[in-house]
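Contents: one structure, followed by commentary.
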Amino acid sequence: MADGFVAACHGVILRAVPTARILDITHLVPAGDVRRAATVLAQTVPALPPAAVHLAVVDPGVGTARRALALRAAHGWLVGPDNGLLIAAADRLGGIVAAVVLPVAPDVPATFHGRDVFAPAAAALLGGRALPDLGEPCDPAILVRLPPAYARLGPAGGLDAEVVLVDGFGNVQLAAEGGCLAEAGLVPGTRALLRRLPAGRTPRTGPAPSTSGQRLSEAGRLVAVGTTFGSVPSGEVLVYVDAAAMVAIAVRDGDAASRLALVPGDRLALRPLDPPDL
Amino acid sequence: MADGFVAACHGVILRAVPTARILDITHLVPAGDVRRAATVLAQTVPALPPAAVHLAVVDPGVGTARRALALRAAHGWLVGPDNGLLIAAADRLGGIVAAVVLPVAPDVPATFHGRDVFAPAAAALLGGRALPDLGEPCDPAILVRLPPAYARLGPAGGLDAEVVLVDGFGNVQLAAEGGCLAEAGLVPGTRALLRRLPAGRTPRTGPAPSTSGQRLSEAGRLVAVGTTFGSVPSGEVLVYVDAAAMVAIAVRDGDAASRLALVPGDRLALRPLDPPDL
Amino acid sequence: MADGFVAACHGVILRAVPTARILDITHLVPAGDVRRAATVLAQTVPALPPAAVHLAVVDPGVGTARRALALRAAHGWLVGPDNGLLIAAADRLGGIVAAVVLPVAPDVPATFHGRDVFAPAAAALLGGRALPDLGEPCDPAILVRLPPAYARLGPAGGLDAEVVLVDGFGNVQLAAEGGCLAEAGLVPGTRALLRRLPAGRTPRTGPAPSTSGQRLSEAGRLVAVGTTFGSVPSGEVLVYVDAAAMVAIAVRDGDAASRLALVPGDRLALRPLDPPDL
């Protein structure tokens, strides 16, 4: 970021708790893309120190009636807007134990709740204040949740799933857990047919997908099923289980998202091919 | 940055003061854009820990006769080049109490004063050395200052002001403090006419503005005056007071700088409309 | 990075060693560009705290038979893949004293060795474990090394050298150490002829160079030899010794890589001109 917004949030925390350790996850999620941020957060928290306070702000609703939250999960705390951003991470941290709605003072600027609402709440938790001291208790069951991403096993084998994440290398993660690969009959060492499905109806939370990308057609292409990038020659497409234990698509030494013109929200079908067909 | 320059500055500080806490503000200000960096720095320091040493380097004059400075402000220290970069931040920190010119040893490479001059000076202050030990005293009155950005109230209401900052979301900050909005007769809940003024004569310190952007014409467009993004429907243009207490222009759920083709240095006029005209 | 991969590596280290200080060098080296990363790493480590553990991952071979390494240098440790990435940095840290091959457990995901192999090894060293405890000893002589970048002095003066690095300002570093400038008869205050040589045969480790850039022709152009950016007027090309003590090319207040269309791997010739010719 060319602005000082992240530094201001760090500053607020360090003014309150000078010994705080702060670890940045990412500041490059596209503006307003709550689903992408929720996915990155959920897949990163298991590697982070235990009993941490996780502050996340992707907040297109700042300045509206959306609520500000602090959550106690079984293995840490989460602070951020009530727009679905925190839920998947809370699940990875053992589930929500308690939730409070953070008050927003009337004199707080209504556009930078990261600095003015969320960072102070995170600092309070880091400083040892108890969750109930921070706001009004709230039933976790009524928190805003993102609609589940699309994924289903085909009746005759195969897997249909939505793209949920593109990482910095262009690897494309689907909404399906790694175990689906075997359930779908997609076996390392074989090939599969990968094709694009017509656009789904999953409500989108982020930017619209590129419409220029038609390089993966609905007719599809053959791809290898493998276990790692070394399973295929350089430049070939690979379906595998990634380091977050999700089904993913990569191009060895390349960028699968660019090559196949895939963005989050696209729906793909993977169908196993009988070995004799190869 | 794909280079290791920032890390080298961190390293120099940590070699000298292993317990130093370092907080990065930003490394993405366009090369040479002193005004933008000065504005970000000044608007961020109030949120940072007190009594901090603020090191800033946007330094197109490295290797020329421009002087290297360390400043004592009422509430912290500043280290950087004598090109105007530090002044506004020093003002926010209570004003300059003392200034010294840092010596540049003849054997120092003349292209990386961040690592070789400024970081060592910051480390010396962090390590407890007194400002006068670092260099020759210097009269704060003769430090280089940036020309003030253009902003004035219209005689019959309204406000003319220069764009000073575009943040990571594309929100566009003007050179006018928030109080100007009321003084200009621009009242939340009403509409205003926003138009582009012919290019001004403010000396530019950064890259030239894009000339392709003409989407905000000199004829102008109606915009809403509000208090926060929630004041307008998604996609609409909003004039408001931002979290740095400056007049700003945003597009809800969008990027105002791209939509209106605005860059720092552009001059805009805002005129109130009588409610009956709406 | 819009993903959480770097944060996951930080998290693994902080879970194991909560007091660890972590300093990021860069996460913006283009994917797979081992040479560029090796050069940045080697030029940055001298400024970093002594006795540090340097973790580097640019690893197009993850999931292949390439080995994972931990090295003891005279002045620090290095952890990363056996693809040449660590060697130049180890040389800057006094040379390799001992090397071990890190084991990769069969249940480790084969695509994210940063989190699952290298960060745990770095944390073990930070936590005080001895290098031999981490893996099988390995003869440093058999480690993979990058081919040396091309640089040679001309028989009648002048210098031919490969571009090895473009920094965040567009300054272009050559493979020749600063002392070569004098040996080549290139004296500050004079002018030289800079021209492009036909493409060399240095095996490339990164992305292909842009082929559109022909703005520096094989006929060449006159450039100034100087000591710092102040040696030339704004917009002029300068040959100088950079802050890493290497021969480099810059444009004052500009971006030499863009202006001259230079990328790593390009080969250049510099020839001194007799002062009477100027």
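We call the chains A, B and C, going by the order they appear; numbering starts again at 1 in every chain.
We adopt the following convention: a contact is a pair of C-beta atoms (placed from the backbone, for glycine too) under 8 Å apart; a residue touches a chain by one contact, two chains touch by 3 or more.
These numbers come from a predicted model, not from an experiment.
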Since subunit A and subunit B are copies that touch, just let me know if over half of their interface numbering is common to both, same, or not, different.
different
Copy-to-copy rotation for subunit B and subunit C - C-alpha atoms, rounded to a multiple of 5°:
120
Just give me the whole-number Å value for how far the CA centre of subunit A lies from that of subunit B.
33
For subunit A, residues that touch 2 or more chains besides their own:
none
Listed in rising order, the residues of subunit B that touch subunit C in the complex are 1-5, 7-12, 14-15, 18, 31-32, 60-65, 109-112, 115-116
What does subunit A use to touch subunit C in their complex?
21, 23-26, 28-30, 36, 40-41, 43-44, 47-50, 165-169, 227-231, 240-243, 245, 250, 253, 255
